[in-house]
Amino acid sequence: MSQWSAAPAPFARRLLTVLGIDELGVYRVLRVADVETPEPRPGQFAMLATAERWGGGEDERPYLPRAFSIARRRIGESHFLLEDVGPGTRRLCELREGDGLWALGPLGRGFQPPRPRHRAILVGGGVGIAPLAILQDALEAEAATDVTVLLGFRDGARAQGAALLHGARVATDDGSVGHHGLLTELLSQELYRDSRAEVYACGPAPMLEAVRAMCATRDVPAQLALEAGMACGFGACYGCAVPKRGGGYLRVCVDGPVIDARELDCVSEHAGAPS
Amino acid sequence: MSQWSAAPAPFARRLLTVLGIDELGVYRVLRVADVETPEPRPGQFAMLATAERWGGGEDERPYLPRAFSIARRRIGESHFLLEDVGPGTRRLCELREGDGLWALGPLGRGFQPPRPRHRAILVGGGVGIAPLAILQDALEAEAATDVTVLLGFRDGARAQGAALLHGARVATDDGSVGHHGLLTELLSQELYRDSRAEVYACGPAPMLEAVRAMCATRDVPAQLALEAGMACGFGACYGCAVPKRGGGYLRVCVDGPVIDARELDCVSEHAGAPS
Amino acid sequence: MSHGVEFCGLSLAHPVINGSGTFDAIAARRAFGPALERDFPFAAYVSKTITLAARAGNPAPRLWEAPGGLINSIGLPNNGLDGYIAEDLAQLAELPVPLITNVMGSTAEEFSALVGACDQRPEIAAIELNVSCPNVKTGLDIGADPQQLAQVVGACRASTRKPLIVKLTPNAANVPACAAAAQDGGADAVSLINTLRAMALSPQEGGERRPWLGGGTGGLSGPAIRAVALAQVAAVAARVSIPVVGMGGVQRSSHARDLIDAGATLVAVGTETFRDPATGARVAAGLRALRRTGEGFPTA
Amino acid sequence: MSHGVEFCGLSLAHPVINGSGTFDAIAARRAFGPALERDFPFAAYVSKTITLAARAGNPAPRLWEAPGGLINSIGLPNNGLDGYIAEDLAQLAELPVPLITNVMGSTAEEFSALVGACDQRPEIAAIELNVSCPNVKTGLDIGADPQQLAQVVGACRASTRKPLIVKLTPNAANVPACAAAAQDGGADAVSLINTLRAMALSPQEGGERRPWLGGGTGGLSGPAIRAVALAQVAAVAARVSIPVVGMGGVQRSSHARDLIDAGATLVAVGTETFRDPATGARVAAGLRALRRTGEGFPTA
């Protein structure tokens, strides 16, 4: 089975063991032992919850599991990139070696490989860089595609996350690292240089919307990894809806999270990564 | 102010710091730094909750604080005797040095001192020995009273709790330590030997009821430290009701926990310590 | 900027009061001494429910801890109207805040007798009607049927000129319609929500399972009902023009702020007071701080 | 000892099914592959609510995490009756368990049209009526008014001989009376509880606070409502002679056991399935173990 096709997820959440948690600027990289999980497709995600202390925080949250892109696979290991933005991510960031983690996945539709002789431009903002790491691994394993990586961050502490991928051009809002300005300015340069490209983007909603609009104008195919509040991750709750072009809604968890940009009129405010 | 009169409790729960937790057979002795608390009267209790991880267990419990007898006071310290019988006591037993503890108290009516020239017989069952420890301290500080201590436990691991008091005669259900049989058999012997006594009892409901009945028959005054499920501990919820003689109910938290045995027709099944 | 609030002609120092039956000021005086009056956490004090005849309350156990909440089956123990007036009133009158007396009857006549008696007492600033008592004929709560409710409130209105607050039952199909009926009957304010009907089975092993609570069923309160309370308060506030007292699961000032934003004039705290008797003061202080920062709502 | 259970003439392998709208077997087939059929967790499969016309559902956001529960404002997205029959039915018929189709109309006529269409389809083993839709005239849920409910159920009864299950609304003053009305109207079973009306305000800073959910209000499910469900199931089971499907906050077999002890024949799991799709199988296995040990109830 190629790395672009996904095997079904095991039909129950599983208890995994934490191998370690590494700092990466303000982010954490969570490594878990994960031997039985079918190989995920780049862009797929898992629903995670700590085995202990899930619940009982302020306002008795978290209660439901949380969705995280599978950021990387190593033999017998899965890696996740975490940013502490609320009670669920906080608990996950507090995991230590040997702790238990509930995981369901891999879930969702991942990225499609680029057409032959097209450059892949990976555009990631903030913690949204996570699925681009495993995507870069996959693209480089095939060696057939030129890969350009553009990553944007709010500040220098976040920009350290860029180390998750390699060879990235970085932009920061505060100019502390790399280009001082918007990620889409870098993308614009890249598309100007050579528009035979396919764009793979994940990040905050305003960034995704800017990417979508730019690619639409220039007729460049774009695959957007969306986010949405999720209760289940496998199509059961219909909670993760985002409006689709022509009316109606997509379920981010089963119709996505990777969506062809042409399926959207715009990226709605709730459909992006924490910024 | 004598050790038999109680100062009011501070009108808010306070965050205390755990100094340590010691094993005592199956029990734990929790020591907390507690400088500002007014000196408790023997028999008073506090409502406790851990600062972290209260809530979020199986069935999202514990939620409300739990009641614990103040087992001992040392300068600037309060000690509690804990038995892990459910989600709240489990979390408290898991506390470590430096952890935070919410405490409200001292609460409730404590023991009355014995009349002059009366022997005090302290009768404790299981974790119900806790308030008798501080009572023994108080009686011995006055040196005017002869104190006899009778403690009963289910098994040898529990009987190690007897070390909380000194000079105790011990009974165990399984005969592994001390007298093989019921605590009330020891009490009966003591009352036979010299019935100019006052009985102070705390323990499981059947034990308290046996003590009550025996003392009623022999016309020996008895003070029973009752227990009940409590939501507040200060008379607000009316949840801790136990039937009183002549109809109606007492609130264990404000009318007790120490009740003159003559106020009860019998000790109801929910009014004792975990057994 | 003043934090005071006008409520039915009463000038209150802040918008936080207690839920009826969740704070016994007389017992608290015993437990906390003079600090009770010095640091009194509520801007008005609501008594527990008083009935015509004295009641002992329900058999034990009366409490069950539920996910995110508490089920109680207390059964309205109280000294009865005469006992309340003879024994409790003088002590409650010493509190530094206005006294709201909560009463319950099982008929319009009982209600108006209770209200008439309270009307005579200068210590009582306002009267709250607890209409959650099941009607013997319909089995419904008296307050669940708008027509019956309007009639009960009308009878009470005729018995007093003091402010009348109707505490709605949440166990109704259409709470806003009940609120409107209370307003039509002459209520000066409505309060909600009371507890949701709930039940627990005894965890005992083996044999026949029986209800844990001595009263069979009980009422659910606390965080678990907060979102239900917010929905009912918003719907009621949108429907009536009289002030609304919102309650249900308030633990922090942000929860109180939600209720106020949904249209409540006052907020009451109940169950959280059991965890910390100073909750009311903490919530009031938090609301004051929110005001100072220009109505900004602090996110975690 | 067999763990099977008879329900309205259907022989089910165990007493655990899913709550309508909380498990999409078609999407789950995509996520979990053939394991879905092999390890299918439910003894019967209940479809999400189908309406006559297709519905897109409510705007985002549709979810809010509440203490001990979840508020959803999904808005019943579905392909409409025709789409359901043309597209979904063949796939659902492949499931290894009987199919119960849940339908909702806003009038008795709509209901009976939906039921009549389902009656024609051999793939459908039973029909569940979702009567939680607000009536345009009264504002009440159709199912909150016993008279109206009996009439709707009567119309549906005339349109089918398949088993009819009425899913009661919990937002009613007297749920047992509604259950009795359903029985009088010809229902073969009742199911409860549906979600409790609830609301959340957006945590956004500054400015006007607005409801978080795209649909304004939503429904509360999960552990927070478990004790409310148990009370309603017990009250309903005491009132009617037809079988009861109990649900609301079931997470473990002990919760299912509580509902069964309170009188339910079947138990449904909803929200907990979101946390673990195998919840139904786990609950069923737990019930089986409880049975083997002679009905003993394991305490923690």
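Chains: A, B, C and D, in written order; residue numbering restarts at 1 for each.
Heads up, the rule we're going with is that contacts are C-beta pairs under 8 Å (C-beta built on N, C-alpha and C of every residue); 3 or more make two chains touch, one makes a residue touch a chain.
If you're wondering where the values come from, they're calculated on a predicted model, not measured in any experiment.
The chains in contact with chain B as well as with chain D are A, C. Common neighbours of chain A and chain D (chains touching each): B, C. Taking each chain's centre as the average of its CA atoms, chain B and chain C sit 34 Å apart. Computed centre separation for the pair chain A/chain B is 55 angstrom, with centres defined by C-alpha atoms.
Note: centroid distance chain A to chain C, computed from Cα atoms, is 48 Å. Multi-chain contact residues of chain D, defined as those touching 2 or more other chains: 67-69, 223, 300.
Within chain A, contacts with two or more other chains are made by residues 59-60.
Taken as a contact graph, the chains are fully connected, with every chain touching every other chain. Taken in their complex, chain A has these residues touching chain B: 53-57, 60. Interface residues of chain C facing chain B in the complex, by the touch rule stated above, are 21-24, 26-28, 30-36, 39, 48, 56-63, 65-70, 72, 74, 77, 222, 271, 273-278, 281. Taken in their complex, chain A has these residues touching chain D: 7-13, 49, 59-65, 102, 104, 107, 228-232, 234-243, 247-249, 251, 254, 268, 270-271. Contact residues on chain C toward chain D in their complex (touch as defined above): 64, 66-69, 71, 138-141, 144-145, 171-174, 177, 196-201, 203-206, 209, 217, 220, 223-228, 230-232, 234-235, 249, 258, 261-262, 294-299.
On chain D, the positions that touch chain B within their shared complex are 68, 223, 251, 300.
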